[in-house]
Amino acid sequence: MNDFPIEQIRKDFPILDQLVYGKPLAYLDNGATTQKPLRMIEAVNRLHREQNASVHRSVSFLSDKITQAYEEARTTVQKFIGASKSLQIIFTSGTTGSINLVAFSFGEGILEPGDEIIISTMEHHSNIVPWQMVCERHGARLRIIPITDEGDLDLDAYQNLFSDRTRMVAVTHVSNVLGTINPVKEIVQIAHSHRVPILLDGAQGVQHEPVNVVDLDCDFYVFSGHKIYGPTGIGILYGKEEWLERLPPYQGGGDMIDRVTFEKTTYNGLPFKFEAGTTNFIGAIGLAESLNYLTGIGLDKIIRYEHELRDYATQKLSGIKQLRMYGTSAEKAAIFSFVLEGIHPFDTGMIIDKFGVAVRTGTHCTMPLMQRFGIEGTVRASLCLYNTTDEIDRLHDALNSVIDLMA
Amino acid sequence: MNDFPIEQIRKDFPILDQLVYGKPLAYLDNGATTQKPLRMIEAVNRLHREQNASVHRSVSFLSDKITQAYEEARTTVQKFIGASKSLQIIFTSGTTGSINLVAFSFGEGILEPGDEIIISTMEHHSNIVPWQMVCERHGARLRIIPITDEGDLDLDAYQNLFSDRTRMVAVTHVSNVLGTINPVKEIVQIAHSHRVPILLDGAQGVQHEPVNVVDLDCDFYVFSGHKIYGPTGIGILYGKEEWLERLPPYQGGGDMIDRVTFEKTTYNGLPFKFEAGTTNFIGAIGLAESLNYLTGIGLDKIIRYEHELRDYATQKLSGIKQLRMYGTSAEKAAIFSFVLEGIHPFDTGMIIDKFGVAVRTGTHCTMPLMQRFGIEGTVRASLCLYNTTDEIDRLHDALNSVIDLMA
Amino acid sequence: MEIIDIQKEIVEEFAGLGEWMERYNYLIDLGKSLPLIDQAYRNDEYLIRGCQSRVWLNADLREGKIYYTADSDAIITKGIASLMIRIFTGHTPDEILNTDLGFIEEIGLKEHLSPTRSNGLVSMINQMRYYAMAYKAKQQNL
Amino acid sequence: MEIIDIQKEIVEEFAGLGEWMERYNYLIDLGKSLPLIDQAYRNDEYLIRGCQSRVWLNADLREGKIYYTADSDAIITKGIASLMIRIFTGHTPDEILNTDLGFIEEIGLKEHLSPTRSNGLVSMINQMRYYAMAYKAKQQNL
């Protein structure tokens, strides 16, 4: 790991340099939200101090400049995920906002009673509940891809779920609990071989794996800014142009319309048709800075480093006999969900917090997955580019202290 | 105006201290978006540098602290608008997000074919299109309150619009074009006398008028953070508890659920039921700082000062013979929409921009209102607490230059 | 003992403890020793749900006094629950309703009882008070 | 004249102008002198919509060359439209499609032709090119 400039990178994230209960912070809760690089922090600061104005209503200097920055941010996102046109990039409030948008519009535009939507057992509630709600509204139903004990999707079962009523597949790229990196390219091909479009939930994918939406050929790809070192309140919906054209708008309001009369309203073109009201333009520009920060380091380098962390942590945690790991796929990101035998995850989390080790405990918004494994929750440590082997050691030692304390 | 600390206040907004084309910036586009006080800017900066972590998933020090700050922000908003409980404050993405939420959930929960919703001629597209969309989905229809030539709601006509099919009234507090401050208390009472609930669009109201939702007795009140000196991507929905309890959720996802199984999902209590996914918690805390900033100055003082600016500008602009003002209500905020005779608003806006005067031109997302007055658009100058009589003079002089140039 | 005296006693006990490790140890021991709730009450009807840990609570009225039993799946939560029971149990509804819980801050457990910790403890205390209110109303109707 | 020479000519004209005020004055004069589009074309079918100002555009093919006429409700927009017509009109589809519009930056009007100014000009230029493409395709089919 010697060629990865980890020292410098840690300096880029000011929050990491602090003590918690007198111990250095080891922030291992990156699956929930990631920390922010100076480059993004300072961009937001500068926007607030020097450049704020309303976008897309440009008749003045400031609003011209910020509109340009906003549209450049769209292009940055486009390039980051390899989309072919910037109009395929819709700024939303987050992954949850993006999925609700697609689910709603797909429901209105396409779904009929009796139709079916395929999701998987390992989905986050944000990729379950919107589909449940839309199914209920349109009399459609969910079909669920089962998973193996290791936490892999059962692809044979997936194949068998298709019927002539299947209208959509929505599957996560990387599981936020198990860490499984799903074979998304194959999953997309299978959906397409049945002429069914597919949405990939990239909330845990885009920051940990290379993503090229043209290569993946997915119909929709969604993610959250705050999980990829960007601001809160901003998210991305990528969609194929045909789909975005075809789906009716989601929210109504300013900027998404062409003409409004009380009798009839016609809608604006892409991407604006799906961006109702004043968007989080400062968040969007901030997000672009975060992506530029990543590109500056080099995504391959980041991914390589994260895989090394993953291997180190896998090895290290396997040394704790009382630790039961959930998610042992051969293809996984540096996300570790586990339970210490006989010890409640919440107790574990609270105690290691006192050692400065921040993790998340609970169901991680994946209750059906918890039910699949017959558990109430797990402890989750989720690593990213600024974590270190030293922090993994500290997690390891803190877990051993928990075991001692609870004995 | 001598007792208003305008010098100090202008220093609190760093963006104001800049040159545009060599001229000092006169930012008169506050109806589109307001500038940010240092207190908010620094809070966001500090959150990014020291405190960011995921809210409501609290097992660690950082996430505990930020969850507390987020819930305190809710209380700050609650107090700012005089709501009785903090669970009545829902954080959304903006006014547009709030109205879409109410329109959708009201549609799902209440509307039947043949039902009617009353809005007014002066509504912003964000308070028209969501209702149009929901009417279309449920077979309901819009009834429109006409306005007078001065830009006042015709209250007699309003009374007459009610029928036994009226289910909702949605009216703006302050018109973003005409500046009219609607008699909202009376409007609410009239709606309630017909047993119809009412939503007030406070996007231009809450920063310019005292708002106490209990006193107003409105059923819903909505506004945007970025228009009240706060961050982008955050907005507020206030609702009466009975209504919020009764309406079904809008978006599905993390945090808004109680239990999820693939068969059945039950929803969380208020306010979380309406806050799906990771919210813009940094935006919410930033917004609370902006509100605290206003409270620190004193809302009455601000309102008094803004009214003085309004009177000064009304007087001053009336000196330009070629200027035709739209919106001359006896009750208006410091928002001025006008057209210079024979000169396109866009030309006017572009030219005064070169004098450093930033305004907005166009339809201001109120096409039906433009149709009412038979115009294609206006120039709009919208003032707020940091504007000065000097800036009004500069607007005045720049407009005279436009007239000269175009002669 | 009066509620206020029990609180004093607890504050003194905690004052004798050092760092968080000793406090947690103490809570864990308390958690282990809390008489389990009757299995009959460890079901959804008696469940107070927090996102993170679950608490079951029951209350009985005997001779004008309320007797609580509780359980939790998380041991530290259970330890804190056991403190709360020690304070409230065996007292009258009025005594319970008039109790000030400021001592919790003194013993360094405030964060565990903030509504942002979704461990069910805040809801548990609310529920303890609702029982007190309910029994009080019942007594007044007799 | 070749398109490139017209562009040079325009660049020189603008070089002789001073500050923005003189440039705008010039554009305003151009706008005033632009032969109005035939009323028959000033309707929705020929309308290119920007949020801020509206542009109407028509194109005719005569002897292999395209002749544009345009109008706008905003005078500066109209002035810029008139510059674009001066450049394109009377040329073949190929000449039009091969034109580089970099000179716009040189004359200080870039901001008016950015897609963020919703004045209809960017759409107008696109539309001018679409006409050229359409006529080219038509010629090839003959």
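For the reader, a short list of remarks on this structure follows.
The chains carry the letters A, B, C and D, assigned in the order they are written, with residues numbered from 1 in each.
Note that a residue touches a chain if its C-beta (ideal position, glycine included) is under 8 Å from a C-beta of that chain, and two chains touch if they have at least 3 such contacts.
Because the structure is a prediction, the values reported are computed rather than measured.
Between chain C and chain D, the least number of touching-chain steps is 2. Chain pair with the larger contact count among B-C and A-C is A-C, by C-beta pairs in contact.
Each chain gets one centre point, the mean of its Cα atoms, and the points for chain A and chain D are 45 Å apart. Inter-chain centre distance (chain B to chain D, centres taken as mean C-alpha positions): 39 Å.
Among the residues of chain C, those touching two or more other chains are numbered 51-52, 118.
Each of residues 21, 57, 59, 346, 350, 361-362 in chain A touches at least two other chains.
Interface residues of chain D, counted against chain A in their complex, comprise 49, 51-52, 111, 114-118. Remark: chain A residues 55-59, 64, 67-68, 71, 258 touch chain D in the complex. By the touch rule above, chain A contacts chain C in their complex via residues 21, 343-347, 350-351, 354, 361-363, 376-377, 405-406. Residues of chain D touching chain B in their complex: 20-21, 24-25, 28, 51-54, 73-77, 118-119.
Chain A makes touch with chain B in their complex at residues 14-15, 18, 20-21, 25, 27, 29, 32-33, 35-36, 40-41, 44-45, 48-54, 57, 59-63, 93-97, 99-100, 103, 108, 124-126, 128-133, 137, 142, 144, 224, 226, 231-234, 249, 251-257, 259-262, 265, 276-283, 346, 349-350, 353, 358-362, 365, 367-368, 371.
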